[in-house]
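Pasting a structure here, questions to come.
Per-chain numbering from 1; labels A, B, C and D assigned in written order.
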Amino acid sequence: MIDPAIADHEYAGQPRRNEDTKGPDGPAFVSSFLRGDSLAGLQEKTQGIIGRSVPRHDAYQAVAGALQYTEDLRFPGMLHCRILRARYPHALILRVDTSRALDVPGVAAVITSRDVPHNRLGPMQQQHVLADERVRYLGDPVAAVAAETPETALEAAHLIEVEYRELPAVFDPEEALKPGAPILHGASNLFQRQNVRHGNVEKGFVESDLIVEESFRTPFLEHAAIEPQVALALPSGDGVIVYSPSSKPFSIQREVARALAIRQNRVRVIGTASGGGFGGKNEPILEPTLAILALKTGRPVRGLFTREEEFVASTVRHPFIMNYRSGVSRSGRILARHIRLIADTGAYPAMDSKTGGKTALVKGAMMAAGPYRIDNVLVEAIAVYTNQPVASNMRGPGVPQVCFACESHTETIARRLGMDSLEFRLLNAYQEGDVTPFGDTLFSVGLKQTMRQAAAAFGWAKEAGR
Amino acid sequence: MKISFTVNGRSQELEIRPERTLLEVLRDDLGLTGTKHGCDSGECGACTVLIDGEPANSCLVLTPAVRGRHVLTIEGLAEDGKLHPLQQAFIDHGALQCGFCGSGMILSAKALLDRNPSPSRAEVRRGLAGNLCRCSGYQQIVDAVMDAADRLREVR
Amino acid sequence: MKKRGRGVGVMWYPTHPVGSNPSSAFAKINSDGSMVVMAGAKDVGQGSTTVLAQVAAACLGVPLDWVSMVTGDTGLTPYDGGSTGSRVTYIASRAVELAVAQAKKPLLLVASEHLGVPVEDLESGDGRIWVRSDPSRSIGIPAVAAECYSKKATVPVGAASYAAPGLTPPDPETGQGRSYPSYIYATHMAEVEVDTETGEVEVLRFVAAHDSGTIINPLLAKGQIRGGVSMGIGMALTEQILFQEGRPLNPNFMDYVIPTAMDVPDIEVILCDTPDPTSAFGVKAVGEASVVPTAPAIINAIYDAVGVRIYDLPATPEKILHALKTALASSEQQAASGK
Amino acid sequence: MRPFEYLIPASVDEAITMRQEHGDCSRFIAGGTELVVAMKAGKLRVDYLVELSRLTTLRYLKLTDGGLTIGPLTTHAEIARSPLLRGPWLALAEASASIREPQVQNLGTIGGNIAFAVPSADTAPPLLTFDAMLALQGPRGTRTVPISEFFLAPYRSVLGPAEMLVEIHLPGTGSHFGSAFCKVGRHHGLGLSVVSVAASLELEAGTIVRARVAMGVAAPTPRRVVEAESLLLGEKPDSSLFREAGRLVSQAATPRAGSIRGSPEYKREVLPVLAERALGLAAARASAHAERGSR
């Protein structure tokens, strides 16, 4: 049976898919079997496949400039989407008038929240495809235009009239928790709490010979993939095909289907070559809008962020405010560690499906005490809303932040104790069979090997004690 | 306006609006999508092409400015279907991950090696300073360029 | 004056995101013994498609160029949780391994008939299936695959789904539960040079040692680790989105400064494989962890060089210079009051 | 980008006539590295662009009467590589080589860098220390302006409507002359300037007989610091003297508050350092040139 989606798609002039099907060795691939070679020569080719440094499957296409990324796909009649975003970081939307934009020659459609069948996204259903009543940060999408050229789409987007009532906004997570702060969702700006309790930190501090306390901060960071957010949707039979470089095509499929209020079998998401992800292409911040425009116009629609939009409207890394307090014995054992974390999640929870946007704080809290045996650990972590970009998953969500604090703090303690940095860490480092503050028993622990091998390669001991 | 120039050795005569950048014309009119669109303001280098042998950000070049000139894009680098030594070295060293910076990176490297066939690693890094890569940490790119330099010197 | 210093940062990181997160794959062996694997996992540059092809080839016992991959297409491939949380190699490898094992069953049955031994006594590799106790008795995979199509009722296909078993989300009050199946570890060491008069920092040398379990493809793993270190250098020294009332002031690469080829030194990567018994081939994870301990290694090296600690990232020249002035002022004050 | 007409003049005269005809809504374009970005961002409304890049008569570097004349269409890359700039005018080559990446160095021109009057124009401080003279040609003929009088404000210069920069002249130097350019940039002294200093010194029998110090991104326009120059004059090169000169440079600075690239406090902190380094290098180079000259 021919998949109707594929058939349609080929009819629409399907470009060549990325060349996955050519096999890992690219076009040089001519099976030795097909050449009539005997199986005898295969031993060398099959042994040690695990552990072998072979180039990426698409390396040949990439260096030849032949690898097709989403923006390289061309379809006849393709329209270009431009999204109008909030004028204020926090405001009520009183009225949206798209009539002047629709009058611009070359504009095929302009949509607002009224055109979205199910206008809620993500596991928490807190984000919208297009804002209906309220915007909570400057990246909030309010309306979208599909037009013959990107320039026309931009021009039309500027002509959409939106009447707002500006609301007070808050930009600092500590301010956001104070009484009287503008509230973004529900009754409080507190989005999430994650604690870790192990042993008795107060007892641990009493037993300590030295107590060190320090505070740390990290800023908002951008994934900064060289390819911006991009996707393309085209109508197909009674559904839609979406080309997306997303790291999570199945999550995109689910969100697009739900936004369109159709079953998932009518949405096909074709993963295209990605120009860099790092967690920045996890969320459906473009695809549902494009799918709605494609169905409304009956034509393929491409969306592409400008570099500026990447910073305004794509997800970012959570800033953390971190307080570390540790007690150690004179001999260098860490006896107690009390950590308080405040993460700024921005205007909405992230849309990662498994935890409902809570991944960064959960991981940050769990990893916060570092890979050290500490009998008494207390981590108190919260994530807070502010009127800033949505913080989501970026390469190791939450953990580079806490590792920066933990390892800086650990260094301070080693120096206060007069111990070598590495020796202090080795003394406390996890090894086989240790139990984490959250109750996991560890196995295959190569931590000390990494420390020793790094030290040997770096020449750590040679210069120690200068 | 009517613009004639050469792209990858083939002459082109196009009727275009002057506000179209070389990047747009290469990608949209000539279908040469190997040249990438990353920041649109000359900061990332993904759109690097060689104009008369010198690397330039094609997003900053208005198309009329290249009339009569020779433009080389990544699609024109392989000869008779055989990869340029730089391209082969990029494959062998795992220099690219997502690959999006690759076209510009390879062309910058070509201009560098054309001018300086035996660069130091520091010179390679300086020569590639205008090509941002977020995946690789650059080292395997530098390895590839040094290796390609060796291969090219052997050919000479 | 320029001063040098050395710093270390160590880390642990889970091989898996929070909560259950399955991968799945289809495998079909063609009548010539080659194979197509359809996996939901999406390669976003990290190399998962290549790595999964290596896993599939090893499981069937055929050369890599006999395996083709179709990935990340909801119309053609079964579900995958996505390229997040460093999970793909750890989870999807197992799904591929199971799918290939299932597809291989009909081949083993045919081989068992020809070789006259039970399926359990067979092994595959080098494009062949042989008798474990007597490897000289063997039959080519292409031949048995062809026979599955020409003479048997069952063609060789497999489908499998895998999720790390027994995971429960952490209790929000205590963190207790079983959030992650296993962990990876790393140590980063940096040598920096600080210009004490301008606050500028140059990273001169970097070593990154990672326990990422069994490494399927060292070339790709090293590349990914170097990329993570590069991102970590940006985090340590230059990167931050500056906001004024919610509006980014530096929404471009001119002022959001990510490292260039001149800002990243050569990075010596050491792979300390500690195989993980819970995964296919003992793999763990590589992706995210490579960025984790970079910033503190650099910040600690700055401290080692000039004796000031930067508490809020990034450690811009301006912050370092300010910290140096403050430290100088307070030490002068101490000296004065000590007299 | 908004549509515009692209005009191709055959000569400087014709280029000027074109600008005259189209008035305020027209601009000259050379390398385009600043202009195209501004136009894309909608920061600049242009209806007519007058192309300069093909006026090859304006693209040269040549020695004349001991001085150096530079055609404004010479690119940063050409200046950075020119053997004519290895000697007394090395600071200019250093500045050009420090301008961002190779791609921009190949497109951008020295004329554009000066005429666009960006506060961070890297070629300006060295030219200020060379007492460069700028030849400006307009509808009413040609005039010559010292570069110290050229910049009026950020993005504003003495260039009148339809007037263009047609030549940069660096006067000849004595044989004991050295110069240097130092900056804090985004990438180890390269890339976009946070703050910069150029210095040039001429020595006679070990005494400073001519001193110029100029700073970039430290005031609304690139400018000389005469107070520091007077201090140096008649003195022997010496690190404490240079430190004192650096202090005066810092005192003279009026950096813009609110810049995300560097606070006024930071710039004032590093200006003395950059000045001291540039002066030290310039002095060393002046002595080295002197030695070479005497051989």
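Basically, a residue touches a chain if its C-beta (ideal position, glycine included) is under 8 Å from a C-beta of that chain, and two chains touch if they have at least 3 such contacts.
Just so it is clear, the structure is predicted and the values come from calculations on it, not from any experiment.
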Ranking chains by how close their C-alpha centroid sits to the total C-alpha centroid puts first chain A
If you tally C-beta contacts across B-D and across A-C, the winner is A-C
Subunit B to subunit D, mean C-alpha position gap in Å, rounds to 29
Separation of the C-alpha centres, subunit A versus subunit C, in whole Å, is 16
Taking each chain's mean CA coordinate, subunit A and subunit D are separated, in whole Å, by 43
Whole-angstrom distance, CA centroid of subunit C to CA centroid of subunit D, is 48
Multi-chain contacts in subunit C, i.e. residues touching at least two other chains, fall at 44-45, 47, 219-220, 228, 231, 242, 250, 252-254, 258, 260, 262
By the touch definition above, subunit A meets two or more other chains at residues 53, 55-56, 58, 224, 274-278, 307
Among subunit D residues, those touching two or more other chains are 1, 101, 187, 190-191
Among line, ring, star, complete and other, the chain contact graph is other
Chain pairs satisfying touch are A-B, A-C, B-C, B-D, C-D
In the complex, the residues of subunit D that touch subunit C are 101, 184, 186-192, 194, 260-263, 266, 269-270, 273-274
Note: in the complex, subunit B contacts subunit A through residues 27, 31-41, 43-44, 46, 73-75, 77-78, 83, 87-88, 90-92, 94, 96-103, 106, 132-135
Per the touch rule, the subunit B residues reaching subunit D in their complex are 1, 17-19, 21, 40-42, 45, 48, 51, 54-57, 60-62, 64-65, 108, 111-112, 127, 129-131
Subunit C residues touching subunit D in their complex are 197-200, 202, 238, 242, 249-250, 254-255, 257, 260, 262-263, 317-318, 321-322, 325
In the complex, subunit B touches subunit C at residues 39, 41, 43-44, 93-95, 97-100, 121, 124-126, 128-142
